[in-house]
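Next up is a structure, given as structure tokens.
We call the chains A, B and C, going by the order they appear; numbering starts again at 1 in every chain.
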Amino acid sequence: MKATTASAALILGLGLALAGCAGGAPAATGRSASPGSLEGSITVFAAASLKGTFTELADGFEAEHPGTTVELNFAGSSDLVTQITEGAPADVFASADTKNMAKVTEAALADGDPVDFATNTLEIVVSPGNPAGIERFADLARDDAKVVVCALAVPCGAATSTVETATGVDIAPVSEESSVTDVLGKVASGEADAGLVYVTDVIAAGDAVEGIAFDESGEAVNTYPIAALRDSASPEVARAFVAFVASAAGRRVLADAGFGAP
Amino acid sequence: MTLQFDARVGERGFDLSFRVAPGETVAVLGPNGAGKSTLLNLVAGLLRPDAGRATLGGEVLFDTAAGAFAAPHIRGISMLAQDALLFPHLSVLENVAFGPRSAGVRAAAARSAARDWLAEADALELADRRPAELSGGQAQRIAVARALASEPRLLLLDEPMAALDVSVSPAIRRMLRRVLADRAAIVVTHDILDAFTLADRVIVLDGGAIVDGGVTAQVLERPRIRFTAGLAGLNLLTGVRTVGGLVGDDGVELRGAAAEPVAVGARAAASVRPSAVEVSLLEPDGTRNRMRGTVRDLEPRGDLVRVRTEVLSADVTPARAAELDLAAGTPVWLAFPEKALSVYPAG
Amino acid sequence: MRTGLGGIPRWVAAIAAVGALFVLLPLAAMTTRVNWAEFLPLITSESSVAALLLSLRTSLAATALCVLLGVPMALVLARARFRGQRILRALVLLPLVLPPVVGGIALLYTFGRRGLIGQGLEVLGVSIAFSTTAVVLAQTFVALPFLVLSLEGALRTVGTRYEAVGATLGASPTTVLRRVTLPLVLPALLSGAVLSFARALGEFGATLTFAGSLQGTTRSLPLEIYLQRETSPDTAVALSLVLVVVAVVVVGFAHRAGAGVHLSAGLRS
């Protein structure tokens, strides 16, 4: 019957249109680089804590290689891994820890071996004025202190746990957040007295919080790896960017933000 | 329990005072928009007047000057509307027991009282039904029982038969007559049969004011104003009393007996039933009363046609109307016998 | 029961089918990713059970609070008349359109340590942020409009005539409320409560911002799922399925119960 065929065609058409839309993500224009001049566009998936530094690095890279474009996508490392394994179009992946990078390499999605380009350590963060009078790592275990930390499942939480074990100090937090941003937010607003975040986060937060360094932070050093991805449409550009990040110029930018050497 | 009522509601042009004596049933007649529902709502406490005072049994219902207003639930006044409005989520028995239970009576005692009132309303067999299962007439019986069960000091009925089938109304009317016999009540109605059956007194409302009132038979059989005559379906003639009858304001002499004593020369009114009036094209012979008129319209009523002129209405058979070729504008003679004219004081 | 399109054009039915697919396909897709082998251990782990029980407890408490506060609010909005009523109504329904995170921030600024009311409470030794109470408050904040909206509509539809009758029969306003008004709107009250429960169960943004996340205290099921994404997507999917099933059961059950009440009330329109 006419009407049924029309309806079926309608459903089919809508379905195809939707499928077509899905495939329409911006694809990297693939052009093989001619020696000496790099051209092409890449998308870099980077951990949220790399936001400030990688924006700067991307600008520097584009300045050095006019004809290239670097798109940046910041999110939690595990979210990025999920997207990459589900087929999101990424050319480079910079993770906040080796565990998440391992998931990518194990899925054989990396182009070559990952390169460690920075390290990060923990720092105590308190609201301006340090109302609870925190001075040492052990103070975080005080009954009267409201401490917020990252949950174990996220990289900074794992680092916190490592330090706790190493120092024998058991923190009883009032909340275990899923992201460093949430920890910072709760301390900056005064809801919590103190928290544990990365050194780089404290610097990035500026006057909103105060940082208190502690000796035992060396017990848990987070290593940041970066890798070009296998399915990149501009592999030359991707590899060049990885090299750029790991270069001395790249390391300077990272160091200024508070990252440690790899 | 005397009801004294005096109130004004500006935006409705409502302004009237009246009394209801203990045990008296008063019928309120009038066209739509006359203020009948406003009256009931003011008495029940569902509407606030702009100015006025009312008391029931000496207790104040409202007094705008003193800023007093008794909430509806403490007035002891129950209201029954066209729509039975039985609570849909309660059984018939629980509906009727609602009033007593709200007054604090224990559940068992309330239910027992409810059964008594259902019996009074000839509806005991419906006790366990749900409102959704009832017909219009049945629901109205339950509504009456429910209103009575709360032992009101005054009962208000707002056109109780209006939504019922013609076949069902007579039984309800009889029941109401029995139930209202010794009770103070105000019945708003369009139907003069209700007034005759149920009411001791009648008041007629028009445009928010009382235009006529008195004992039922008096008002409805001997109307003094055109309006009431219209409601009662009677012809009204006004003029001055003569020895033999009445001389109308237009000078026509009419002969008839006095239903009530009226001094000769005093203002008088007289009523004539339309069924007693005959229509002809030529001046009728004989000694009957006669008047000239021009047909305004014809209204079929059952097996008769009511011929309306500017002076009188007459009921004729359809054959007669056809025979005379009556139509709007036809000049006719209207005649009625002496005995059909009732003269009474116009005051 | 005779099946059929009921007179609607076929192309309308076709689009409706697409719409239904749009909602059902993602649920189906999620179900296909469930690790059935590990399903039971994953959802019965300590953290999963703690999150589920916390969610149920707080959602029930939030629903109770919604009913307690929402019924009077609906009554006032539907029956009372006062200046600024329309504006008040719009404001009260605001949590419906506000992003939950914004709601959480607002609650923080009110009940947090340095908040409008929180400050005073701190002095009295009462601390709301980071507590289970905070979770209940966050859930109530977002779920309240559902109940108010559902009930207010029903109150307007039912009208005031039955209440007037009740009054003339001698029932005080409280008695009228108890024996006439509320029974008449019971179906709407039930469905509103169910909607509120479902909304509270799924509440995430406000809880995260205001209450924090700690197992057993404030980490509700949605928060647990959010966290498990980081390390164990299998757990996240398994728990998501649990949440969907619980929601379907609750909504389906209460929908039938509400319909049953409606029938027995025998409401004539």
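Quick note on the criterion: contacts are C-beta pairs under 8 Å (C-beta built on N, C-alpha and C of every residue); 3 or more make two chains touch, one makes a residue touch a chain.
This is a predicted model, so every value here is computed, not measured.
The chain with its C-alpha centre at the largest distance from the centre of chain B is A.
Central chain assignment: C. Criterion: smallest distance from chain C-alpha mean to the mean of all protein C-alpha atoms.
For this pair, chain A with chain C, the centres built from the Cα atoms lie 35 Å apart. Between the CA-based centres of chain B and chain C the separation comes to 54 Å, rounded to the whole angstrom. Per-chain Cα centroids separate chain A from chain B by 87 Å.
Note for the complex: chain C touches chain B at residues 161-162, 164-173, 175-176, 179-180, 183-184, 186, 264-268. Contact residues on chain C toward chain A in their complex (touch as defined above): 10-11, 13-15, 17-18, 108, 112-114, 129-130, 208-209, 211-215, 218-219, 223, 226-233. Residues of chain A that touch chain C in their complex: 3-4, 6-8, 10-11, 14, 76, 78-79, 82, 146, 148, 151, 153-154, 173-178, 182, 186, 189-192. For chain B in complex with chain C, the residues that touch the partner chain are 44-46, 71-79, 81, 83, 85, 87-89, 98-99, 102-103, 130-133, 146-147, 150, 156.
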